[in-house]
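Input: a single structure, listed below in structure tokens.
For clarity, chains are labelled A, B, C, D and E in written order, and residue numbers in each chain start from 1.
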Amino acid sequence: MKMNSTDNLIRLSNGQVLSKETIDGDIATINFGPTHPATHGIFQNILTVDGEKILNSVQTVGYIHRAFEKLAERRPYNQITPITDRLNYCSSPINNLGWHMTVEKLLGVSVPKRVDYMRVIIMELARIADHLICDSIIGVDTGALTSFFYPFSEREKIYELYEEMCGARLTTNIGRIGGFDKDFNPVFHQKLKEFMRTFPAAFEEWNGMLERNRIFMDRTRGAGPISAERALAYGFTGPNLRAAGVDYDVRVMHPYASYEDFDFIIPVGVNGDTYDRFMVRQEEIRQSFRIIEQAYNNLPEGAFHAEVPEFFLPDKKDVYNNMEALIYHFKIIMGESEVPVGEVYHSVEGGNGELGYYLISDGGRSPYRLQFRRPCFIYYQAYPEMITGSNISDAVITLSSINVIAGELDA
Amino acid sequence: METFYWMDKLVLVVLLFLISLGIAAYQTYFERKLAAWIQDRVGPDRAGPFGILQPIADGVKMFMKEDFTPMNADRWLFIIGPGIAMFTSLITSAIIPWGPNLHLFGREISLQVAEINIGILFAFGIISIGVYGIMIGGWASNNKYSLFGAIRASSQMISYELAMGISAITIIMISGSLDLRAIVESQHGLNWNIWYQPVAFIVFFICALAETNRAPFDLPECENELIGGYHTEYSSMKLGLFLFSEYVAMFVSSAIMAILFFGGYNFPGMDALKDNPNLLAIIGVAVFFAKIFLLIFVFMWIRWTIPRFRFDQLMHLGWKVLIPIALVNMLITGFVVAFYHHWF
Amino acid sequence: MTNSELSQAIYALFGERIALSEELYDTLVIEVAPKDAYEIIEQLKQDPALSFNFLTLLGGVHYPEIEGRELCVVYHLHSWKNALRLRVKAYLPAEQPSIKSVTSLFETANWMERETYDFFGINFEGHPNLTRILNMDEMDYHPMLKQHPLEDATREDKDDRFFGR
Amino acid sequence: MGKIEDLEVINGEGYQLTTLDKAVALARSNSVWPLPFATSCCGIEFMATMGSMYDLSRFGMERMSFTPRQSDLLIVAGTISKKLGPVLQKVYEQMAEPKWVLSVGACASSGGIFDTYSVLQGIDRIIPVDVYVPGCPPRPEQIIDGVMNIHRLVKHESMRRRYSQEYRHLLSEYKIEVTNAENDK
Amino acid sequence: MESLTNRKKVVSDKPMTFVEKLYIPAILKGMMVTFKHILKRRKTVKYPEETREFAPIYRGMHVLKRDEQGRENCTACGLCAVACPAEAITMTSAERTKDQAHLYREEKYAVTYEINMLRCIFCGLCEEACPKEAVFLTDRLVPTQFERGEFIYGKDKLVEPADSRIDITKRQFTGKRTHV
């Protein structure tokens, strides 16, 4: 909190300056975080409050800074995939596949249509999982605890799908540079069909408990609003920006993985408040589901990886029998494949917005520099402005509705 | 006669004390089970068969937990807080008529500890003291979140007491008495007040939710915002008392609601048992408890369904919605009652 | 608008103030002098035809081998109108890495500049609050510089001999 | 799985569990209220453990207490950086005795994949850990396994242990002051 | 700001209707939903009494395989250690002597092979890297422990016992190019 020299003025985090006389009562400072139950993840806000009204907020982040970017400079390309898992861990596959696409762009590899469609299915499942958790947390923070459990059961089904596909539930490490290491297997097909059959009803049931409930609407409408201009200035992307009414979506703007083939709408909100963010996410879940249906029903036949033996690990059987494959295998694992020198920026529409990878390669076994565009980190700085003037309850649901993922925030 | 009277009362008091605590304890169990069922889970099932010993385990654990008083806290007030909360919750049950009189040992035994003719006023009086427990506890903790909880609790209770009182007045008008026994007796058979006063019931019910700090009005302790609210700094059995008092309060307020609106221990077809007062009393008590449990179930059911209000919306609801509704309802009732009695 | 058209437009605007421009993959990259960076980005943002309205990413790179150009600040600009990205680079010497802050153009640069300061020690002039953001305030070096080790030296469960350190 | 009888910390110097001890320990083990100190990925798996499919509430553990005063088990799930270390220690200090610590996942237990300058290489450097759960993140099954191991610990703990010299010594190794336990005695 | 695409749709501008303003209908609707769930079958898997089926390719605890004749497959080439992003694998190798031919399949073998299970992130890259079909992840889980030191898994815990083999054929072929 910056005090003016006259000691009589108080500067709010939205730039407004108030005279102390206009504030009745005493000003208190409370620590909102690092271990507050509403800070899912760890970050601290020191709030200056007048009663319950928030006057100012000072943020501290970096509590789980793990030095991703430094780590990525020391690991070969294929070992960076597990690291990207832990960025936005609510939707790891998007991070994985986005990274693979970045490297493919650097290498100039084009993948078969089937890989694109498989990626779309996996990524949209991840988006559903991500939005489900965010929206259920909004429900929990407004006090409807049950709304955490219904979507989580659906999430569990998505976990099962991942498990069938790659062998892990949350930190998936799914796919490889150049495609996937495995095709969809019969159990995956069966489980995906089952998911597609049951999901809409379960989703709408849960949605119906909140969407038009007046208590929920009153709580969320007008909570933590941000205008389109301010959101843009703060570099918002993804659902939070769309809630403010701007239909920016990387999937449409710079299509990747054949997103141009699919028909889907971009839901937008009006005021950029918590209700808008909730509704935009809910609609995006429906749209993602539509995309999955389209992709799955039109899934092309063919190979599930590109033919790039220098970068795509050969099949195990060939490694044992085929000298050439064995050499490629060693080269890839040791990180001795030729990587072009260059730099490339690729971005995908992550759970929280534009998830970008700025990769500089000097031809070595690991990136010279890898910078992640982490949407959370960029938009979380707008939080003080969003909550100034509202009360603690609003601050809580605003925080959960902008879906700040600590892993992505602190890198 | 006098000694017998006191003995009766003593037995009843002890019994009530145990029943209240027992019910409160098993309410926690039931609440956890119900929450689990609503959420497609099983709930506690490892402490004893079906987890039936869960409340006992919790109780023992809390007794043995380190009793912690934060630095800079007001030591005495810190202790008094939970005490008041528990005491006020328990004492209200003294005025509740639990059933028709028993005929035992040639005497008529009343199933009501204190037969005071202003029972309902007593209840309101005690309830308004109840908030002091939370307030003192929250203030004494010397923690900002607790203080927020305490402030929220006190303003919430005061606001909702008004609407609660006004909606209860309609019942007093209909039955013409402040005595809870008389109010129950006036609802003989199925002649319950709920049929005449549905609006008053809804208002009263909402206020009861607020008075017992239950969702959607659990703002004083809502953990997503205030961590633990007024009991953030409490540990061990002091916390236990706070948690328990909430459940006791829920039990007692369900009982009061059952008396005011659902005819207490009255049930349809009770005239058939006129000749057997003891059987009538036993069934009456059972019916009364069934009504209480049903109301408790609704309390819990609501808690696990809907989101909570924001503080200003809660105030708005209390002052601008419930109080006007209760007032209008009271006026209409007044006119109807006056008309019925040919007062003009 | 294509990248070549963009390139022409930029040359028309700034002429020789652009030290170098090349197309890397699908993005046009221009290099500018550090003292020009702010103005050029401001004009790129305000020019109605180009309208690079969005700062996607801001970060640093460390090239310890290139003398006089050890540090590099990279701006990723995005023109939504034309769906075009542009990468602007400014190289700084290691002795005095200092560049004008773009927070007055894009508020989003605030934390990104703080992060770059934290990682590389690049000083952004005119930044409202240039302090460490992710690391502890007590830290006395800038960890992303190439000379600093990645690993935590205090761990006991790893034997460095096995991992080539 | 390590044998519980081997653990010196529990048995101290040969405490014999009395019947009362046993009853209390049994009650405690059935009512362990967790304080989830969830920072990252493991926190999401911990949420899955709370969810309908795995349901930690079967162990009487669904009442999360976010205030350290009321909780018995500190579940540290996720990366703990050096910046966060003091906060974690503070939370541990604030917890009322008896208290246990479950370290969930590779990051909390050892730093895991993040062998970097900013990550604490295992929380056992700042607070005593009772049970480690491997995995990155562990499956809910493993978290439940860890929780059940905690229950086994609790069941075998004497009521006096928390006031013993050994315990005080253990905490002093982590530079944690034992003030409250003394007040209570 | 003008629209960037033609796919925009506003989703949150529906005003509250009178019925919705009354609170009660929506609350009752929600309560009906939750009541239905009370009557539904529980989804809980009561672990540890019941267990859920894992995917055959689940990435759990490692195993060092033996071949059909009971010889260890591992040749201590170190590829798994190189491929491990968590740097959890260490090994020392030795040349096989003549009388050890029945123990080790290859000329070289691992004298010690240790995986630090607390560091391991179960990403499966070691399995992918192994050119000798020696190390596999399995659908078994690493048990929790009381002491940190117990997580260094040596060959005694990793090599599959000769008499009780661990079947990993499913994970070798699920979804792969070559089918059995």
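By our rule, contacts are C-beta pairs under 8 Å (C-beta built on N, C-alpha and C of every residue); 3 or more make two chains touch, one makes a residue touch a chain.
Quick caveat, the model's predicted, so the values are computed rather than measured.
Q: If you drop subunit C from consideration, which chains still connect to each other through contacts?
A: Apart from subunit C, the chains cluster as one piece.
Q: Determine the shortest chain-contact distance, in steps, between subunit B and subunit C.
A: 2
Q: By label order, what chains touch subunit B and subunit E together?
A: Shared contacts of subunit B and subunit E: A, D.
Q: Using only alpha carbons, which chain's centroid is the nearest to the whole structure's centroid?
A: Ranked by how close its C-alpha centre lies to the overall one, first comes A.
Q: Just list the two chains that share the greatest number of C-beta contact pairs.
A: The chain pair with the largest number of C-beta contacts is A-E.
Q: On a CA-centroid basis, which chain has its centre farthest from subunit E's?
A: B
Q: So which chain is the furthest away from subunit D, centre to centre on CA atoms?
A: Between subunit D and the rest, the longest centre separation is with C.
Q: Just give me the whole-number Å value for how far the CA centre of subunit A lies from that of subunit D.
A: Those two chain centres are 31 Å apart.
Q: Subunit B to subunit D: how many Å between their CA centres?
A: 37
Q: Suppose each chain is reduced to the average of its Cα coordinates; what separation in Å results between subunit D and subunit E?
A: So the centroids are 25 Å from each other.
Q: Residues touching two or more other chains, restricted to subunit C: which are they?
A: 80, 134-136, 143, 150, 157-158
Q: Can you list every residue of subunit B that touches 2 or more other chains, as numbers and ranges?
A: Touching at least two other chains: 35, 38-42, 45, 223, 227, 304-306.
Q: Which parts of subunit D, given as residue numbers and ranges, touch two or more other chains?
A: Only 52-53, 55, 58, 64, 66, 83, 110-111, 113, 115-119, 122, 136, 139 qualify.
Q: State which pairs of chains touch, listing all of them.
A: Result for touching pairs of chains: A-B, A-C, A-D, A-E, B-D, B-E, C-D, C-E, D-E.
Q: Could you list, by residue number, the parts of subunit D that touch subunit C in their complex?
A: Going through subunit D, the ones touching subunit C are 82-83, 110-111, 115-119, 121-122.
Q: Please give the residue numbers of subunit E that touch subunit C in the complex, ascending.
A: Touch list, subunit E to subunit C: 4, 81, 87, 90, 116, 118-119, 148, 152.
Q: Report the residues of subunit A in contact with subunit B in the complex, numbered from low to high.
A: Subunit A reaches subunit B through residues 28, 30, 36-38, 52, 139-146, 149-150, 153, 209-210, 213, 215-216, 218-219, 391-394, 396.
Q: Quick one: in the complex, what on subunit C touches subunit E?
A: 80, 157-159, 162-163
Q: Which subunit C residues qualify as touching subunit A in the complex?
A: Contact set of subunit C toward subunit A: 24-25, 27, 29, 53-57, 59, 61-62, 74, 76, 80, 83, 85, 87, 106-108, 110-112, 115, 119, 132-136, 143-144, 150.
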